[in-house]
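Below: a set of structures, written as structure tokens.
After this come two complexes, each holding chain A, first together with chain B and then together with chain C.
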Partner chain A sequence: MNIVVAIKHIPSIADDLPVKGNNVDFDSVDFVLNEWDEHSIEQAVLIKEAVGGTVTVVGVDLIGELDNALHLALAKGADKVVKITADDPAADSHMQAKWLAEAIKGMSPDMVFAGVQASNDIDGQIGPMIAAYLDMPYIGGTSAIEVSGNTATVSKEFPGGVGMKYAVTLPFVAGVQSAPKPPRYAPVSKVRQMAQTATVEKVAPSGEASSGLAFKKMAPPVVTGHAEMIEGSPKEVAAKIVELLKSRGLA
Partner chain B sequence: MSNDVFVITEHMDGKFSDVSFELVGKAKELAKALGGQAAAVVVGGGVDANVFASDSTIQVDDAALSQFNPEAYAKVVEALVKEKSPKVVMFGWTVTGMDIAAWLSARLGVPCAAYAKDVRVEGGGIVVSCQAYGGKLTAEVAPEGETAIVACLAGSFPAEAGQGATAAEKIASPVDLSGLKMKFIEMVKPAGGDVDITAQTKLVSVGRGIGGKENIELAEELAAKLGAVVSASRPVVDAGWLPRTRQVGKSGLKVKPKLYLMLGISGAPEHLEGMKGAELIIAINTDKKAPIFNVAHYGATADLFEVAEAMLELL
Partner chain C sequence: MAQKYEKAIAIEKENIVVDGVDVSGHWNRMFEQRVIFEYTPELIEKVASIPNAESFANCYQCAKCVAVCPVDVVGNYGPRKLYRYAQTGMDLTEAPELWLCTTCANCLRVCPKEVNMVKIMPAVREQAILEGKFVPNELQQAFENTAKSGNPLGQPQRKRDAWIQNAGVPVPIIKDVGRPVDVLWYVGSYPSYHPRGIDAACAAARIFTALGIDFAILGKEEKDDADSQRLAGEKGLFEMMAEYNIATFNKYEWKEMVVTGPHELNAFKNVYPKYGFERPVVHYTTFLARYLDQLKPLLKHPVNKKVTYHDPCYLGRHNGEYEAPRKLLQAIPGVELVEMGRNRENGYCCGGGGGGMWMDSFTAKHTTMRLSEKRAMEAASTGADVLAVACPFEVSRFEDAVKSTGNEHVGVLDILELLDRSMRGEQ
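Here is the complex of A and B:
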């Protein structure tokens, strides 16, 4: 089973997101692995463990700092890692998906996984776009993928805990919402070992695509309301909340 | 090309989701401003499609489309959009819309604006406000070209404006549906046994800030003292710290309790979809810029553990 996982390196939303012109000030933010990619890597490794095969993780290196994420993927069970050396922090989903699709084409994958979404998917997610560029069907929001022979049984999540199961003939692209198990932990020592010994294959970006979106403005949301902030020490905050709840008959 | 606005509606078990009505209502407004018509597109048989206030409703009636099938639905929508060349194609940024919108964009080479919170007409074209970066930034984007795809967050527009009784025109599938690589097998309803968080009057809801499974106990203790039940945001459930039955938000359940006490939830748009109707929302988060503070009634920038422990002593 040849599984390729396409990952996305994105500005961290844990920090402030400064704006420059009509976009994020990419020089002033930390880049992190898209949180859903941890689940797509886990899903791929689980399938490899169940039926054998190879997991290749590939991502666009936007700022020259993708190696950490790739070493982590290796420590978690990926067999091979590839970075597309773009050095373009503003590359949109369409551009990244095109480069990824061109790189993946030659890998003859049985399945391609991507995170179901990323917080900066303003022009849509890379998973369905990779599917379109590779002319493969796409199914997103997956919570479990099992493979037997040439067919995968894919569980897709719907609101309210409803799931739908599909039989999908390989090859296809999936947007992983969650792996059936929480993403495994990789010890720092193992990641370090990978950093010292592993080879990250480099590929030049190939192909052209664009979101076709003209950015007119980027700014914190216009706030119509704001919480009444409770100030003070944690004890004072707790006391005020309890008082509030009691006054409303909620405690 | 036309100035029409298409809405790709979504349904399950014979019922349309709220977002379909929301989008039809918005589509009417946009179509009027653009000088076109608003058309509701219903992919699937076995559903009464005469429920929208659209100028027209097109129902692709085929037994093979009665359940959502990402591959089949995508191909049908592609064929319709190619044939009719609408100016705008609206999807919900939902579990079904997300399977098709970006695919169609790459397939047809037309722009897609996702995480859309608002759409307006400006200079004969549209401008879309997208709530990106977990709700921390809003991007205003203008799609270029003849056709634009817009994928809107549920709850962005009122649903009432889209409700009506326009008679649907039933058509056969514009594409051959034999030889699909994706086949629907079954629907799996959630197993019972756990508490129903939608039936609770008080919820203590935990997010990524709770840090680990071992800390859930603190939330459980606080909930017990308040006569509440513990619910969670998606990352907590995906990490396996709480079962799926406790998840609030787009891919989880919609709740409307009297009290929604949030511990360590930043308030991404997907979570807000599930809880913004709660009567009293109190949020505790260490990030003073967390988007949840724009929605909560009361908030505190504080360590959730210290606040929760202090509350336990007082209750």
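Here is the complex of A and C:
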């Protein structure tokens, strides 16, 4: 089983996002691994543990700091890591999907996982675009993937508490919404050991693609409404809340 | 819980025939090996074979530890009980019991065999983490936050010194001072980020300033000490943070370091020396107690409160400071200091040590109440108006606990806040 996980390094939104010109101020923001990619890696390692195989993690190195995320992936059970040395923090998801697809092509994967979306451009396009470039079927929003022989049983969740299971023939690309278990913890000593001993394979970005979109302006959203704070003692506040719920037909 | 691990089978028989005589009754166990020989030592050996956890096997089950274990007060715990559980089938590396110890060290104080849970627990936890065994989710989050953000709260590093805007006095950053200072004040993660911790940090800044102390902080260069993460089993994370911190501390010239928190004191004074850092470090209570004569005239406004003081485990038992906090409280005009039953060497633990700070929900599932709640009730039973603390973990823990136990009338204040109130009057 040859599983490839495509990851994305994104600006951290733990703090206010700094803006410079019409884009993020990439020099004064920390880059972190996309949260959904942590689930992709977990899902891949779980499959490897269940049926054997290798997990290769590949990502675009936007600012020369992707190694940390790759070492973490190795500590969690990935076998091989590859970085595409782009050095372009503004590369959008279309550009990254092209580079990733070109890098993955030669790996002859049975499955390719990508986080279903990322908090920078929430268009959820990396997975589908990789699938298109590799000419493979795509299934997005997965919550569990189990493999038996040449078929994967893929669970998806739908609104309203409805779940569905698909039988998918390998190879395919999946947009991972969540792994069936929370991503495992990688002890720092293991991560540091990987940093000292592991090799990160480097490949040059290959190909051109663009979303065709250009940033005109980037600014914090204008606040149009405010939450109403109810003043008074807990009893008074509770009474007002009940009144409000009643007046809106909710109680 | 005592019946949880049922590997052992008693071999007492209904009837036994001795020399043709049928003897019945409980006393016939005398004719067989004692039950204890039926227990397997494997799970005890499994723990004792881990480096630094060897003393687990020393236990001869006198149970002195159980009498003083703060977790046993709200559950069924204590080193002797853990030993017994291991005899009867508990694998400590996989059991929830692994995560309940707060490393408060009260058991070690009374143990005649020097069974040292302060060493055993971190070692076994580290093993469990390295083997990919169960780690409470909340704790995992705190580890990841520390590794990514430099503090267990997951707050951004560049906001580490944002609190100084609220201090009302200038708080110099050592990088900008550009000359040696007398005191490097290590603020700590909770005083830097937690809203109630910030209150204590601001109070400290005002007190230091009023005393004319030549101090500076590390500002955005300061990162968590990671001692509690070490005690919770993440030694690799601790070492990474220690390397960074030691290099940062050594970048600057200062005579003495003052820390807001007892856990930081323990880290820098007792553990960092193993990594090459040996410079003077004191807790703020010890430091301020030296300035009592200068401090007293500044304490102009009476604080007419009955105050009880909670000894932090890592200030008291681990580092032997019991008197300085009390001296400071008694220096405040109007304060009547009352003691709780468990105080000083036998002080009760707030539950926050050894990583307990980040396992509250997990611990609550395995105990009848939180340790902080038990302690809040003890504080309330003294009739105190204020529960005074000297550890940044405690303000938020006890404020929650006084609320959840119906004791909101007991205020929770850091000694720094009480001194500040007396200095400036009620704000």
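In the analysis below, the second predicted complex is superposed on the first by the 223 of 251 C-alpha atoms of A that agree within 3 Å, B and C clash if a C-alpha of one lies under 4 Å from a C-alpha of the other, contacts with A are read in each partner's own complex, and residues count from 1 in each chain.
Quick note on the criterion: a residue touches a chain if its C-beta (ideal position, glycine included) is under 8 Å from a C-beta of that chain, and two chains touch if they have at least 3 such contacts.
Worth saying up front: this structure is predicted, and the values here are computed from it rather than measured.
> If we overlay the two complexes on their shared chain A, which of chain B and chain C does A:11 touch? Say first, second, both or neither.
Only chain B is touched by A:11; chain C is not.
> Between chain B (first) and chain C (second), which does A:166 come into contact with in this model arrangement: first, second, both, or neither?
After superposition on chain A, A:166 lies in contact with chain B alone.
> Using the touch definition from the top, say if A:190 reaches chain B (first), chain C (second), both or neither.
Only chain C is touched by A:190; chain B is not.
> In the superposed arrangement, does A:52 touch chain B (first), chain C (second), both or neither?
In the superposition, A:52 touches no partner, neither chain B nor chain C.
> Given the touch rule stated above, what does A:32 touch, chain B (first), chain C (second), both, or neither?
second
> On the superposed three-chain arrangement, identify whether chain B or chain C touches more chain A residues.
More residues of chain A are touched by B.
> Determine, under the contact definition given at the top, whether A:182 touches first (chain B), second (chain C), both, or neither.
Both partners.
> Go through the superposed model and pick first if A:149 touches only chain B, second if only chain C, both, or neither.
neither
> Overlap the chain B and chain C contact sets on chain A and report the shared residues.
14, 182
> Mind listing the chain A positions that touch chain C in their complex?
For chain A paired with chain C, touching residues are 12, 14-15, 30, 32, 182, 184-185, 187-192.
> Show which residues of chain C lie in contact with chain A when the two form their complex.
Where chain C meets chain A, its residues are 126, 129-130, 132, 135, 137, 140, 143-144, 147-149, 154-156, 158-159, 234-237, 239-240.
> What residues on chain A touch chain B, complex-wise?
My answer: residues 11, 13-14, 16-17, 19, 23-24, 35, 39, 93-94, 97, 116-117, 119-125, 127-129, 131-133, 137-141, 153, 155-169, 172, 175, 177-178, 181-183, 209, 211-231, 234-235, 237-239, 241-242, 244-245, 248, 250-251.
> Please name which positions on chain B make contact with chain A in the complex.
Listed in rising order, the residues are 12, 67-71, 74, 94-95, 98-107, 109-115, 127, 130-145, 149, 151, 180-190, 202, 225-226, 235, 237-240, 244-245, 247, 250-254, 258-259, 261, 266, 268, 280-284, 287, 289, 291-303, 306-311, 313-315.
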